[in-house]
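Chain IDs A, B and C follow the sequence of writing; residue 1 opens each chain.
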Amino acid sequence: MSVREFAERGADLQLVGIQKRFPGFTAIEELDLTIPAGSFFALLGPSGCGKTTTLRLVAGLEEPTRGRILIGGTDVTDTKSHERPVNTVFQSYALFPHMTVIENVAFGLKRRRIGDALGKAHEALRLVELDHLAQRRPQQLSGGQQQRVALARAIVNRPALLLLDEPLGALDLKLRRQMQLELKTIQEEVGLTFLHVTHDQEEAMTMADTVAVMNKGAIEQMGAPAELYELPRTVFVANFLGQSNLFTGEVVDTTSTALTVDAGGTRIVVPTARAQRHRGTVAVGVRPEKVTLHTHEPAGSADRNVVGPGRVLDVSFSGVSTQYLVDLGALGTVLVFAQNVGFGPVAALGSEVWVSWEIMHGFGLDDVPGEAGRFPADDSTTSIAAQRRDSLVSELEEG
Amino acid sequence: MSGEVQAAAVLGGFSESEQQEDARGPVGAPRRRRLGLGDWLLPAYTIMAFVFLMIPIAYTFVFSFNDSIKSNISWRGFTFDNWLNVCNVEGGAVCEAFANSVIIGLVATVIATALGTAIAIALVRYRFRARSVISLLLFLPMATPEVVLGAGLAAQFLALGVPKDMTTIILAHTMFCISFVVVTVKARVSSLDPALEEAGRDLYGSPSQVFWRITFPLLTPGIIAAALLSFALSFDDFIITNFNSGSTSTFPKYIYISASRGIPAEANVVASAVFLFAIVLVVASQISRAARAKRLAKLD
Amino acid sequence: MAFAAFATAEAQAEAPKRRSRIALFLLLPGILYLILFFLTPLISLLLTSLQAPAEFGDIGVYDYAFNWQNYVDVVQQYLPHIARSFGYALAATVFALLFSYPLAYFIGVKARRWPLLQSLMLVLVIAPFFISFLLRTLAWKQLLSDESFIITSLKALSLMAPDAHFTGTPFAVIFGLTYNFIPFMTLPLYTTLERLDTRYLEAGSDLYAGPFAVFRKITIPLSMPGIVAGTLLTFIPAAGDYVNASRDFLGGPDTQMMGNVIEANFLVLLNYPAAAALSIILMAAILVLVGIYVKRSGTEDLL
């Protein structure tokens, strides 16, 4: 594939057995990944998980220690960055400060000696609605405008693959929404393959058709956003992508449809099809918004798990919904999100409550909290502080 | 020679870190790293450039041990005599010139540092109308060739009938050091958070207490750097000195005058000693700074 | 360091408005000093340059006059010296830039991962400052004299004509000027290259620029402030230098520069008006050249 001509459409990207080591630490242990042409793919993970390194490997800014990279079926592992049909929207935008906006956008076209570079650059600027600022310097633009220039500078080259490195990180909420929409529109119009790297789960879920959750240099789980959310397979995914109530216990009964777990004396049932492990110690969970709060003990039901009584530890009102933290004794604490359909909270602080959820909403994980290490389901202040510190340290290492 | 030792030390340090990187390399069957031209060309060039820069220094150092009789041009054998008897040739002319240079350097440094520091503080902390004119007045001496500075002062001393001696040299050196002091100290003042002084006032410090207990200690590194720079400039200055010295000898002037008939090896001794002293001072401060940075990093 | 003075424009944030009496007290002594020992000397230089020989005086005695003929005389008499000064200084500046850029690039960009190595290399760059300017020039004179190992080897290898010399030629003077002002070039280059954001280079590479195009289109323009500062710091002292070109050092009778004739006229021939007129010409020429250069290199909006 020559960089002298435009890519007709997006190309698929294949990473085969990629490993990347830096002096002192391993960024990517073993990575196999295929991103089909024309898709919007997000790599989601905390800082230090290796997602930015993956992006830099694809862009050709780093060389893999082992493994191959294929774009559209062509092996580009040994191809230098400037010869790859790939463009990047950098996290810092990296707009050349000594060039005007239009010079920035036309830069790639001129390097490839593509005719009418300026005309095409103006066209790309019109697409991001910034053509009227073409003669400005990047420093004279706002953050959001700079971001759009960076986007125009990348897509004007019609790369087979467009890489986005947390490009929305520096924007405020309103601009983010605007840019997310714009990116989606551009992708639908131009039909490129997008590889988007982010630590923001909401951004990944709203934009991508496929999300891969990365942790410690490997992909934990991959799938459509809704699928990942509704059926997480590991403790890390369950906690990183939204919030989860997790219970650890022994499997006491397995049928073809239901799996019963004894967690600290309480029996919790999950569908067998939604459980990864069917024997021994397992972690099962449910999303907080699937849990219902009762002020009186509800009648037992075959398709609901009922747990209680417990005590309301904390109530926080956030407009649309109210969050309750319920202490269930041996079972630990449970988080409940309740829509504010009536007036005021359902249960007062300190009152006695029961919780229940439909069995079909539960899920069983492949590992148990503590095994996964990085995000144990422990929310004491010291462990939160330790986590924050770990993530800061890894962030520093990555930068 | 000392220069080559330095260069070798640098090279040693460099190749060591490269090796470490390789040693931590991947296990199994790593991909072969592409060794581009740039990977070795630039380091190789850097090494050669440093060797080139060190050649005259090495030469000066080596020839300070030459068993020379009159001129110190061809190698006649190794001796320590020059180092042991520095002040015993030509009635101690080398040492006298050296001592003059040190005195001039010290006095000019003290005056220039005091005047320059005051200007730097005023420029950063106060606003006044003549600002751009003063900036220009400070910039011009640095942009004027030394020969013009020297000739100008000499013309003025001549017109006023002032005899040229050590005082005129000091006056001249102070003049060209001031601008450099201002620039160096100003960089430090600008980097200071004015809130520190405000905090000092907030905590009941009088203006003079705030200055002497807060501003001045924080400025000290910048002031020291400025003083070292101005001493170095003064000590090595020849061109301006030559116009304003009359019969007073300084170390550079001594070399200039002896150049036509041959430099005694003692001049090499003095220059080598000064060089070693300065380099040890600078390298030690760099290493201690690096060590401190490492300790701070470890505290994390 | 001092070199930043050329690179950074007076882009001061508005300083707080405070009692200007203290400012005056801080400024006055230093400014007065510069007026007395920098500004009035320039004026007396100007006055001296217009003096005429005293009617009934010895050599070296002049009266104040408006003898602008002095300028015509010195230009006529010393035109080759004036041309040489600027020619040699220009050549030395170009060579110093070519020598220093890769060096500064290695220290400032490639060696970023090893801060101690970086600072030790900087020490090596300024190390020549620690040994007398005159002695290092003399060292080169000895090392490049006709009997020296380097020159005899070159002759043995037929890389130099058997009867050729190195010292005393324009090449030797340019060589000496280049060597002596390399640190002035390397330090400001290092200062800008050290701050060079390598993400711009990666972005260039991502946008199909090969290594050479990245260097030409991104690295060079972004390091322009350092290039301007370095060339000025090299060119100005080189144009006024007279040690390298002096006969006792690397020069010969045909390599004399403006500095040499200013020195000779002032200190030997006692022809003060001629020396003063030459000084004024040198200074004016440098100010004009620097002004044009800074304008044309367009570094204002990079600063």
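Remarks
Rule of thumb we're sticking to: a contact is a pair of C-beta atoms (placed from the backbone, for glycine too) under 8 Å apart; a residue touches a chain by one contact, two chains touch by 3 or more.
Given the structure is predicted, the values throughout are model-derived calculations rather than measurements.
Of all chains, the one whose Cα centroid sits at the greatest distance from that of chain C is A.
Between B-C and A-C, more C-beta contact pairs are found at B-C.
A straight line joining the Cα centres of chain A and chain C is 57 Å long. Centre-to-centre separation of chain B and chain C, using mean CA positions: 17 Å. Of all residues in chain C, only 197, 199-200, 202-210, 213-214, 217-218, 221-222, 224, 301-302 touch chain A in the complex they form.
Remark: chain B residues 3, 6-7, 9-10, 13-14, 17, 38, 42-43, 45-46, 49-50, 53-57, 59-60, 63, 73-74, 115-116, 118-119, 121-128, 131-132, 134-135, 137-149, 151-156, 158-159, 171-172, 174-175, 178-180, 182-184, 187, 190, 194, 229, 232, 236, 238-239, 242-243, 251-252, 255-256, 259-260, 263, 267-268, 271-272, 274-275, 278-279, 282-283, 286-287, 289-290, 293 touch chain C in the complex. Those residues of chain C whose C-beta lies close enough to touch chain B in the complex are 1-2, 4-6, 10, 12, 14-20, 22-24, 26-27, 29-31, 33-35, 37-42, 44-45, 47-48, 99, 102-103, 105-107, 110, 113-117, 119-121, 123-140, 142-143, 145, 147, 179, 182, 211, 232, 236-237, 239-243, 248-249, 258-259, 262-263, 266-267, 272, 275-276, 279-280, 282-283, 286-287, 290. By the touch criterion stated above, chain A contacts chain C in their complex at residues 3, 59-61, 80-83, 86-88, 90, 92, 94-98, 107-108, 111-112, 137, 153, 157.
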